Each structure stands twice: as C-alpha cells, then as structure tokens.
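Multiple structures are listed underneath, in structure tokens.
Note that chain A is present in both complexes that follow, paired respectively with chain B and with chain C.
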Partner chain A sequence: MEKYLYITLFAPLVGSLIAAFFAAKPKELYTGILTSALVGISFLSSIVLLNYVDADTILHVKMMDWISVGNLSIPFGFVVDQVSIIMMVTVTFVSTIVHIYSIGYMEHDKSFNRFFSYLSAFVFSMLILVMSDNFIGLFIGWEGVGLCSWMLIGFWYHKQSASWAANEAFIMNRIADLGMLMGLFLIYWEIGSFQYDIVFANILNLNINTVTWIGSFLFIGAMGKSAQFPFHTWLADAMEGPTPVSALIHAATMVTAGVYLIIRASDIYFLIPDVGYVIASLGAFVAVFAASMALVNRDLKRIIAYSTLSQLGYMFVAAGLGAYWIALFHLMTHAFFKSLLFLGAGNVMHAMNDELDIKKMGGLYQSMRATAILMTIASIALAGIYPFAGFFSKDKILEVAFNHEAYLLWFALFIGAGMTAFYSFRLVMMVFFGEQVHKRLGFHPHEARPFVIYALTPLALLSIVAGFLEYSFHAFVIDLLRDYKFTLDHSVGWMLIVATTAIALSGIAFAVYKYKRGGFGAGVESLGIYKLLVNQYYIPQFYNNAILKPFAAISTFFWKQIDLKIVDATVDLIGKMFYNAGGKTRQIQSGNLSSMLRWMVAGIAVMLVLAIILRPMV
Partner chain B sequence: MLEPISISLQALNLPSLLPVGILIVGAIFIIVLDLVTKSGSKSFYTMLSILFILLDLGVVIGYYGEARGMFDLVLVDGIAKISQIIVLVTSAFFLLLAMSQRRFQEFSMAEFYALFLFMIAGFQFMTISDNLILIFVGLETASLSLYTMIAMHNRKKAFEAAIKYFTMGALAAGFYTMGSLLFYALTGSIEIHEIANRVILNDNLSVVALIAATIFMIGALGFKISIVPFHTWTPDIYEGSSAALAGYMSIVPKIAGFVVAMRLFEALLNLNVLWIENMFYILVIATMTVGNITALVQEDVKRMLAYSSIAHAGFVLSAILIGTSEANSGLFLYWILFMFTNLGAFTVLWMTRHKKNLWDERYQHPFVKFKGLAKINPFMATMMAFFMFSLAGVPPLSVFWGKLYLISAAVNAGFIYLAIFMALNSAIAVYYYMKLVIFMFLMEPASEEKAIFTTNATPVLKVVLAVAVAFTIFASLFIDKILAFIIYHVTMSGF
Partner chain C sequence: MIGLAHYLVLSGILFSIGLFGVMKRKNLLMLFFSTEILLNAVNIGFVAVGRFYGDMSGQIFAFFIIAVAASEVAVGLGLIVLWYKRTGSIDLDSLQMMKG
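Now for the complex of A and B:
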C-alpha cells in the first residue's frame, strides 16, 4: 500500500518537474496532457487508498530521517488516515478536473507549459500539507502552497495588478504564518516533538493556558490561509490569477487548509472550547460580512470569491463548535460546487473576452446553454436547496449552531443563507438571463470546447448527489474525529430545515423576480449602505492608510537615512579603497616597453639591496 | 690521450626521452610534409599534431622505467609525470581551438603546428630535468617558439606583443644565466639536488651570494609565471595574442614554470634561510593582491582574465612557500581545475571573435560587448557565468575545491596569515568576475543580433566548451580520484 501513497504524492511532482523543463518554451500540448494524466493517476491511487483505509487500518510510513540535530529529530513521515484520505481524494479529484479544464482554458496562453508546472507543483505541496504526519511537514506544505499561490496569482506578472495581488497574498499570509510558527515553537517547547500522535497524546498534561495559547496561535495561521477577517482582503484580489487557479486554489483546496488545520488539531481545540467559540463567532461574522459584500459586487469572479469567504466562515463555525466531521463534510461538498462555479465563470469570461462586469452580460443562456446549466446547478447547491450537496452540509452547520444554543450565531448563519441564495441567483440572472446587454456592447460569446464541458460534468454530478454520502461519510471519519452529539428534538430539527430552506428559496425567488425586470434602479447606488458594501467596508482603504503608508514612511526613513548613509557608505568606502588602489597599480601598466623592463630590473635591484641591507641570518 | 668513453645504452635510459622525441620527430615530419605537399589543410595539421600529442601522452602515462637517464640529466619523477600530463592535455584541447569558423593566417601555415610541437617539447624538457642548463634549453626552446606563434597572428597588436615578450624574455634569460652562474660559482654544480646538498655541507658559504643567486632565479622564473613585479608583460601579451593562444599561455608555460620553481625554491626554502622565506611570503601576497586589484579596473574581459591569471598564479605559488606534500598536491589539483575553467572562458571569447573591433576601438572583448548577452544568447551567457562563478571559487564548481584544498593546506602547515590573505583575495576577486555576470544578465543588450556572438563558433569549439563546462560543474564527482593520483605521484617523488 505504501506504493500507492508514494504514487499519490509524487506523481504530481514528476509532472511539475517535466513541465518545468519546457517552462520557457512555446506551448507544447503534451505538457498539459502529461501533467493532467499524472494528477489523474494520483487521484486513482488515492481512491485505492480510500478503499484500503477503514476503522482498524490506517497507513503510516516514515520515508526518512529528515532533520536530526541534537535533541531535535524530525522524521519525514506520511500518514493516510480517515481525515487525510478525504482531503487527498478531494484535492486530487478537483485538481484532475482543473488540469483538464486548463488545457482548454489556457489554450492560447504563451506560458502554457509554465502554468501546468506551477499547477502540479501546487497539487504536490497540498498533498504534503494534508499527508504529513507532523506539524513541520504540514508547515512545509503550508508554505509550499503559499509559494505556488503566489506564482499563480502573479502568473500574468506583466500586469501590475496581478503582481500586486500576488505580493499582497504572500505578505498577508506571511504575517499570519508568524502566528502559526509561534504555535509550532510553543508545541515543541512544551512537548518536544512535532509528531501528531505524540503531541496529541501529551497535550492533556499541559497547563490549560498554554493550550489556549497554542490553539490561538495556530488559529492565526489558519486565519491567514483561509482568509478570515482581518486577513480577508487578499482573497478577492487573488482573482487576478487565471480562473482555473481561482477554482482550485482559492476556492476548493488551499484556502480550506485553515479548516483542515483546526480539524487535524481537533484534540487541541477540544480542550479549549472558549477558543472554539471565538473561532465560531469569527466564522459566523465572516459568513455574513463576506456575503454582504457579494450582494453588490459587479465583478463575476469577486462575487464568487466573497462567497468562498462566506462559506469558509460556515466551516469555521462548525469546526469551532466541535462538529469537526461536519466542517470536513462541508469542506468537501463546497470544493465540488465552488470549483464548478468558478470553472463555469471561466467559460463565461472566455466567451466575453475576459470581461468580468456582470452588468455587461445578460442573456448568455442563448449562446452558452451547457455552462448556464452547470453554473445553475452549482448555484443551487451553494444556496443549499434539497437535494443538492450544499443543503446537507450547510443545514447541518445551522443545526450545530442551534444545538449549541448559540442562537446569535445561528441567526447570523440563517441570514447568511438568505444572502447566499440571493447573490448566487443575482449572478445567474444577470449573466445568463434578462436583457442581452453584451450584444449592444459588441461581444460575440461562444460556448467552451466540448471536452471542457465534459470535464465539468463529474463536478456537477457530485454537486447534486454528494449530500447523500452524508451517512457513510459520517461513519467513516468518526473513527478518527470526535463525534458530535445532537441533543435537539427531532421536530426542532425539522423546523430548522424548513426555515432555512424557506429563506434560501425566498432569496432565490427575490433575485429571480427582481432581476427578471432589470434589477434595482440606479437609486440604490446612492444609498450609504451600498457605498459601504461596494467599498468593502472601507477596509482596504483603512489598511492602506493605517498600515501601509506609515510602514512605507518608516521603510523610506531606514533606507534613505540608515541604509544609504551609514551601511552603504561604509561598504562603499571599503570598496572604493580597493578600486582606487586598482587604479594606482594600473599605472604600472603603461604599455611602454622600456618602463616594463625597468620594472623588472627594479624588482631585482630592490631585492638585492634588501638582501644586503637586511644582513640575512642563516 | 683521452680515455675512450664507453657507455652502455641501458645507462642512457633512452625511453625516458621517448616522449619528447615523439614530438620533435612529429614537428620535423610536419615541416617535411609541408615541403613535399602544399595541400595540407588546417584540420589535417591540427589532427596530425593532436595525434602526436596523444601518442606522447600515452608514452608519458605508460612510462614506468628508471627515473634517471642520460647521465642524470633527465629526471622523470612523479611531478614530472603529472605536469607533463597537464601540459599535453591542455595543449590538445587548445590546439582544437584552431578549428575555428573564421580563417586566421597562422592556422593555415604548417609551421605553426611544427612550432607548437617544438614548444610542447620545450616545456616537457623543463619538467623532466633538475639540471639548470637543460631546463634553460627547454625554456628557451619553448619561449622562442611561442614568440613566433604570437607574431604569426599577423595583427599590429600581435607584432607588438611578440616584440615585447621577446625583449622581456631576453632580459629574463639574462637573469636566469646570472643566477645559474652564481649557483655554479658557489657550489660547483648546476644540478638542483647537488646544489642544495653542497650548500648544507659548506659552512663558509656566502649567504648574500646565495640569496643573490636566488633573487636572479626568482626574476627569471617569476617572469614565466608572472610574479609581481615581473608580471607587466602579461596583459599586453594576452591582449595582442588570439584568445586561444592567450588561454594557452595562462596555463601551460606556468605549470612548467611551477615545476621548476618547485624543484629549485623548495630545495632552497628547505635550507631555512629566513630571508628567502620572508621574500617569498611578500612576493606571494603581492602577486595575489596586485593581480586582483588591478583586475578590478579593467575594461576588457581578456585583460581582466590576464590579471586574474596573475592572481591565481600568486595563489598557487603559496603552495611552494608552504612546501608540504599537501600543498604541493594542492598546486597540481588547483591547476588542473583552473585549466578546464580557463579553457572554457577563453573558448567563449574565442567563439565571439569578430574580425572588427565592434565595441571598442582598442579592445576586442570589452565588458560592454557582453551587455545583455543573457537575452541574446542565454546558453552562452550561462556557460560563461559558470566559468566566472568557478573562477570566483563558488562551490560546488571546480576551482572552489582547489582553493579549499590549498587554504586548508596553509592552515594545516601553520600559515594562518597566509590563509587569511588567500581568503581575502578570493573575496576581492568575486567583484570582477561578478561584474561580467552582471553585464551579461542584468543589463539590456545593445543590439539583438545573435550572429555576431558566434561568428567564430564551430562544432569542434562547442564540444571543447561542453567538455570544459561539464568538468567545471561536475568536478566534485571525481575530484577525489584526481587528488589520489596526484598525492601518490607527488609523495612518490619526495615533495
């Protein structure tokens, strides 16, 4: 079985390295096919592993001793258990589809090969992250996906906005990673190991304050990667990357790494329910906060990005309240329908020559029937309508909140569900139905290539049916994760389901009704609340004024005053000394033969004189 | 009446002269061939000469006879063997550079190849003897051939270089005879091991005279291996010669000079004359430092490499000062590694040789020529960058190991300050090597015309370049085997 583990892990790396050889070359179709095939192989072998893992058997291998210095010993090991295998299957499945999709999407890009190299490198890093059996391996994967995300957001680096967004994402994550590192140091300081099993076995012996610190620090890391408030600004800007990247990295996989960390460290968070409650509250806040921004945005991809933020909030509510398996379940279903939504948006973008403003679309159903159907399926799943996948996982989260008697959280999520339904269908209506604005603007949309559509059908299928896997999923992961006990009355549960479905349906109905008649008037845009939302609560401006500008001022001071005037001057002085000495010795070299001969004779003469003067001793 | 001299052929040990004999016969053969037929082409003569060189190399490697021969004039010991191998391998590679795209007058003349073989024979004589007269004969044979070959490049600069080199060489020859004369006057011998023995036995020896003799020898050999202040010829001569010949001069005459210096000066340093040791210390450091800091301000890559080769020579000369087996082995190791890197660097220059001085009135290869080469010809720029990094001593490229080994030899022998100077000089050197890398990679090209950088390239040159770059990059893989071979031969001959 180890064989399958290594195949799963290293197949994407091999693909990435091969594609990297052709990175600077013009497009070679086979790099796309090869990397897709290798990621596909990775997916198949993780399916084999999924069948292998059960209540009694997990796979735990130690590849090698990696760092061993003094008392520090970090083996490089991997574990395939109920949690990591779910992540592995989800990651490789979505990755395979995104790879195939990208062959079509990146068709005319001149850096086609480079794109696949990066994309496969990302899959490899993500697999390291989820498969590692210790925190250091997780951290390496964590940084690896961060690096790949940076490379892919800035893939079109010649665009100023893209390289800015890439740097923003990278720096924002670095700040949060500092928190994560502190958590790791604290773990090592207190326990003396990074291995999950050893850490979780010994965590009970620690002072509860220490555990609280560890949990908080790790959560700061998770906040960065999962773009939770206040680190959320990078995710919307990350939409500068190619759309398949947004689908894979900034929706389905990497951003869920924060949730994965909380689930993986559930033994720690179980001990500190207060921190868990904070996590849940922040999650609920983000769920509503991000959904509200999605209500008014006009940028196709940003709407979906805010929706991702909001859904991550839902996952954190579940994880924070101790319903780890539900968080993981929502993570999985969300990966399916959100990547479908993004990839559909990619088709629309291509059809519209990279135009993203949904006000300029409308009526695209005529020309892009298949994409319209796929995106509608994804939107229904996102809105949480029975029997689509989102219904099962999202409803469970609302039940958890209610069960926990956290009625405020429940209410926030409840409102969030309504908003989700509204903005999803606002998007669908404005893009695919209504007046055909694009015709007026001279666009000639066309449907994507057939194989692209076929590649998306598995995602659509799973967006519909994945919810029915709930019971087997529950039974499977519960061997590793703590179960969550519902104490709710059956009838209350039913009432919640009815209420949530009702608000979702009314959100949809409202959106359909409103946008069928051309949407809101221009008057809405002058409302204060509209301005607040469209400007993202003025948070980017706040960051710019309160953090970036003072920081830039300090940096300029250090650069101009300290570095240039003190450090550089010292270094330059030493350099100039040698350089001037060079200029002087060069004068020996006049090129004049007589003077050259004179130098030789002078050399001998001086030495002879020295020999006599210094009266040598034997 | 004189006694009839009877010598057995066995005592002459003729096989010890066989390698040199092959080259001389080969050279005469080429001249005769040229008289008989005028149709010999450039590649024919190149291949024929390389054939003789390889034959010679085979005999050198296969020689396991007596070390002494020809009335003790000849001494084929371990260091003679290693240095001959270096001379012959380097000669073969640099001779391949004659097969360039563009036609040069010297390569179309058979005399060039004959002179080339005579020159190698001269260098071999220098290495296989400890008799000052035979060494002198070898030295002059090689030098006279070399002067002529420089002049055969048929450019104004080349004539100037040949005349300068010849005149200064004459002065150095004067120093050499003066030094030999003093040694003979002091000890009655012209054989290095005898000189050392008799100095030890004779208590009434004038130390000042001994030192004077040493000084003249320093002047003479210092000219060959370009020790400061006898180095002034180097950049001008390199500038005037073709890049192929300049590269050759940076390696082969010096290794022959090093072997003689090693035989002579280590014998003298062993006498524990403090003055000689101090003088040497100063010369080594001066050579390294002056070479390096003058290289900083050069505007031409070939002149920069000339100064850099002075600095490398100073670096290696420290081995003779240290005098341990480890240091002597380090000298040969360093020179082998340096040889392949320099071969590569000069081959790149040679490939970019253009018939006009396009970039500068005076220089053929100014730094500005290489501006933005990475954009025009990334492959060539990357290769050149590898050679520059290697010369700068960046691990794991070849020259780094030589530097490491020599500096550790200095530390092991207690020459701490010398080691510090060696390290500091390596740091200074990084500046001018990186200067070229910066020109190539970080500047915008002046023109996008790719062809002008490969006007002189041929498949043969590309193969030479490939060998050089492969050796430079992968040296670490077989360095222990080379080192074991060197250490065995060096210790076998008592150095």
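Now for the complex of A and C:
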C-alpha cells in the first residue's frame, strides 16, 4: 500500500518537473496532457487508498529522517487516515479536472507549459500539507501552497495588478504564518515533538492556558490561509490569476487548508471550547460579511470569491463548535460545486473576451447552453436546495449552531444562506438570462470546447449527488474525528430544514423575479449601503491608508534619512579614508632607493621607540 | 680602564656613521661601505658583550656576520659592475624605474 501512497504524492511532482523543463519553450500540448495524466494517476491511487483505509487500518509511513539534531527529530513521515484520505481524494479529483480544463482554457497562452508546471507543483505541495504526519511537514506544505499561489496569481506577471495581487496574497499569508509558527514553537517548547500522535497524546497534560495560546496561534495561521477577517482582502484580489487557478487554489483546496488545520488539530480545539466559540463567531461574521459584499459586486469572479469566503466562514462555524466531520463534509461538497462555478465562470470569461462585468453580459444562455446548465447546478448546490450537495452540508452547519444554542450565530448563518441564494442567482440571471446586453456591446460569445464541458460533468454530477454520501462519510470519518451529538428534537430539526430551505428559495425567487425585469434601478447605486458594500466596507482603503501609506512613508524616511545619510555615509567614509590614505602614502613608493632607505630607518626608529615604550614591565 | 661601555659607545658611534651614510650617500659604492660600517659596528658590539659575559657565541656571531658580509659584497659588487656597464652610472637617483 505504501506504493500507492508514494504514487499519489509524487506523481504530480514528476509532472511538474517535466513541465518545468519546457517552461520557457513555446506551447507543447503534451506537457498539459502529461501533467493531467499524472495528476489523474495520483487521483486513482488515492482512490485505492480510500478503499484500503478503514476503522482498523490506516497507513503511516516514515520515508526518511529529515532533521535530527540533538533531541529534535523530524522525519519525513506521511499518514493516510480518514481525514487525510478525504482531503487527498478531494484535492486530486478537483486537480485532475482543473488540469484537463486548463488544457482548453490556456490553449492560446504562450506560457502554457509553465502554467502546468506551477499547477502540478501546487498539487504536490497541497498533498504534502494534508499527508504529513507532523506539524513541520504540514508547515512545509503550507508554505509550498503559498508559494505556488503566489506564482499562479502573478502568472501574468507583466500585468501590474496581477503581480500586486500576488504580493498582497503572499505578504498577508506571511503575517498570519507568523502566528502559526509561534503556535508550532509553543507546541515544541511544551511537548518536545511535532508528531501529531505524540502531540495529541500529551496535549491533555498541559496547562489549559498554554493550550489556549497554542490553539489561538494556530488559528491565526488558519485565518491567513483561509482568508478570514481581517486577512480577507487578498482572496478577492487573487482573482487576477487565471480562472482555473481560482477554481483549484482559491476555492477548492488551498483556502480550505485553514479548516483542515483546525480539523487535524481537533484534539487541541476540543479542549478549548472558548477558542472554538471565537472561531465560530468569526466564521459566522465572515459568512455574512462576505456574502453582503457579493450582493452588489459586478465582477463575475469576485462575486464567486466572496462566496468562497462566506462558505469558509460556514466551515469555521462547524469546526469551531466541535462538529469537525461536518466542517470536513462541507469542505468536500464545497470543493465540488465551487470549483464548478469557477470553471463555468472561466468559460463565460473566454466567451466574453475576458470581460468580467456581469452588467455587460446577459442572455448568454442562447450561446452557451451547457455552461449555463452547469453553473446553474453549481449555484443551486451553493444555495443549498434539496437534493443538491450544499443542502446536506450547509444545513447541518445551521443545525449545529442551533443545537449549540448559539442562536445569534444561527441567525447570522440563516441570513447568510438567504444572501447566498440571492447573489448566486443574481449572477446566474445577469449572466445567462435577461436582456442580451453583450450583443449591443459587440461581443460574439461561443461555447467552450466540448472536452472542457465533458471535464466539468463529473463535478456537476458530484454537486448533485455528493450530499447522499453523508451517512457513509459520517461513518467513515468518525473513526478518527470526534462525533458530534445532536440533542435537537426531530421536529425542531425539520423546522430548521424547512426554514433554511424557505429562505434559500425565497432568495432565489427574489433574484429571479427582480433580474428578469432588468434588476434594480440606478437609484440603488446612490444608496449609502450600496456604496459601503461595493467599496468592500472601505477596508481595502483603510488598509491602504492606515498601513500601506504610513509604512511607505516610514520606509522612505529610513531610506533617505537613515540608510543614505547614516549607514551608507559611514560605509563610504571608511572607504574614502583608505582611498585618501592610499593616495597620500603613494608618494613613499618613489622607486628611489635612497628615500626608501630613509623611510626604512624612520620605520625602525619608530618601532624601536615603541618597543621601549611598550616593553613588558618587569 | 676600558670597559664594556666604551666598546658599546664605539659601536654606537660607528653605527650612527653607517646609518648616516646609508641615508645620505647617493653613490652605490659608498652605500656599500656604509652597510659594511653598520655590520662591523654590530660586530664590535657582539664581541664586546660576548667577552663581557664570557660567552663565545658573541664571537661566533661576529664571524658569521663577517662571512655573510663578505659574500654579500662579492655578489653586490658583481651587480654594481654589471649595472655600471649597462648604464654608465652608479648614482642612486638614476636607479629609479619603479615609481609608484
């Protein structure tokens, strides 16, 4: 079985390295096919592992020693258990589809080979992240996906905005990673190991304060990676990258790494329900906060990005309240329908010559029927309508919040569900139905290539049926994760389901009704609330004015005043001193023996005097 | 009575004369004479101090120096003769090819 583990892990790396050899060359179709095939192999072998893992058997291998210094010993170890195999299957599945899709999407890009090299490198890093059996391996993967995310957001690096967004994402993550590192140091300081099993076995013996600190620090890292408030701004800007990247990294996999961390460290968070409650509150806040920004945005990809943020908030609510398996389940279903939504958006973008403003689209159903159907499926799943996947997982999260008697959180999520339904169908309506604005603007949309559509159908299928896997999923993962006990009455549970479905349906109905008639008038745009939302609560401006500008000013000050006038000046002074001394003493080297002899005599005299003055006192 | 001090003073005077010659003379031959004076000043010092302490090594050193000086002069004179043949002058100031 170890063989399959190594195949799963290293097949994407091999693909990435091979594609990297051709990175600077013009497009070679086979790099795309090869990397897709290798990631596909990785997916198949993780399916084999999925069949292998059960309640009694997990796979835990130590590939080699990596760092061993004194008492510190960190092996390259990998573990395939119920949680990591779910992540592996999800990641490799979505990755395979995104790879195949990208062959079509990046068709005319001159850096075709480089793209696939980065994309496969990302898959490899993500697998390291989820498969590692210790926190350091997780951290390596964590940084690896951060690096790949940077490379892929800034893939079109000649665009100023893209490279800016890439740097923003990278720097935001570094700030949060500092928190994560502190957590890791604290773990090592207190327990003396990074291995999950040792850490979780010994965490009970620690002072509860220490555990709280560890949990909080790790969560700061998770906040950065999963773009939770206040680190959320990078995710929307990351939409500068190619759309398959947004689908894979910024919807399905990397951003869920934060949730994975909480689930993986559930033995820690289980001990500190207070921190868990804070996590859940922040998650609920982000769920509504991000959904509200998605309501008014006009950028096709940004709407979906905010929706991702909002759904990550839902996952954090579940994870924070101790319903780890539900968080993981929502993570999985979300990966399916959200990447489908993004990939569909990619088709639309291509059809519209990279136009992203949904006000300029409308009526695309006529020309892109398949994409329209796929995106509608994804939107229904996202809105959480029975029997689509989102219904099962999202509804469970609401039930958890209610069950926890956290009614405020429940209410936030409830409102969030309504908003989700509304903005999803606002998008669908404005893009695919209504007046055909694009014709007026001279666009000639065309459907994507057939193989691209076929590649998307598995995702659509899973978006529809994944919810029915709930029971087997539950039975599978609770061997490792703590189960969550519902104490709610059946009748209350049913009422919740009805209520949530009702608000989701009314959100959809409202969006359909409103946008069928051309949407809201221009009057809405002059409202204060609209301005607030469309400017993202002025948070980017705030960051810009409160952090970036003062920082730039301080940096300029240090550069002009301190660096140039003090540091550089000192270094220059030393250099000039020697230069001038050399210029002056050059005359000694006259080449005249007589004058050199005189200098020699003078030198001896000086040394004699020194020898007398400095002689050791007896 | 002539004691150690007298010898050492003589040695010092000779050394000063030699040093003065080394610094002042522009003629290469004169420079050689001056170095010989320097060496012999040191020889006198060695012998005197060796005698004073009843130690033979002072005298042995002096012999060594005489021997070395003799060979040095032999080589040096040869070089000077060669230089004179080549340039027609043994003035120090004319021997200035490596000005820094």
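Note that the second predicted complex is superposed on the first by the 568 of 618 C-alpha atoms of A that agree within 3 Å, B and C clash if a C-alpha of one lies under 4 Å from a C-alpha of the other, contacts with A are read in each partner's own complex, and residues count from 1 in each chain.
As a convention for this text, a residue touches a chain if its C-beta (ideal position, glycine included) is under 8 Å from a C-beta of that chain, and two chains touch if they have at least 3 such contacts.
None of these values were measured; they are calculated from a predicted model.
The wider contact with chain A, measured as residues touched, comes from B rather than the other of chain B and chain C.
Applying the stated contact rule after C-alpha superposition, one finds that A:L593 touches each of chain B and chain C.
Once chain A of one complex is fitted onto chain A of the other, the partner contacts of A:N209 are absent, as it touches neither chain B nor chain C.
In the overlay built on the shared chain, the residue A:A581 is in contact with chain B alone; chain C does not reach it.
Applying the stated contact rule after C-alpha superposition, one finds that A:V601 touches each of chain B and chain C.
Look at A:I612: by the touch rule set out above, it reaches chain B but stays clear of chain C.
When the shared chain is aligned, no partner comes close enough to touch A:N51: not chain B, not chain C.
Chain A uses residues 586, 588-589, 591, 593, 597, 601 to touch chain B in one structure and chain C in the other.
If you check the complex, the residues on chain C that touch chain A are 19, 22-23, 25-26, 31, 92-93, 95-100.
Chain contact summary for the complex, chain A toward chain B: residues 575, 578-579, 581-583, 585-586, 588-589, 591, 593, 596-597, 599-604, 607-608, 610-612, 614, 616-618. Note for the complex: chain A touches chain C at residues 586-594, 597-598, 601.
By the touch rule above, chain B contacts chain A in their complex via residues 163-164, 167-168, 171-172, 175, 207-208, 211-212, 215-216, 218-219, 222-223, 229-230, 232-233, 235-236, 271-275, 279, 290, 293-297, 428, 431.
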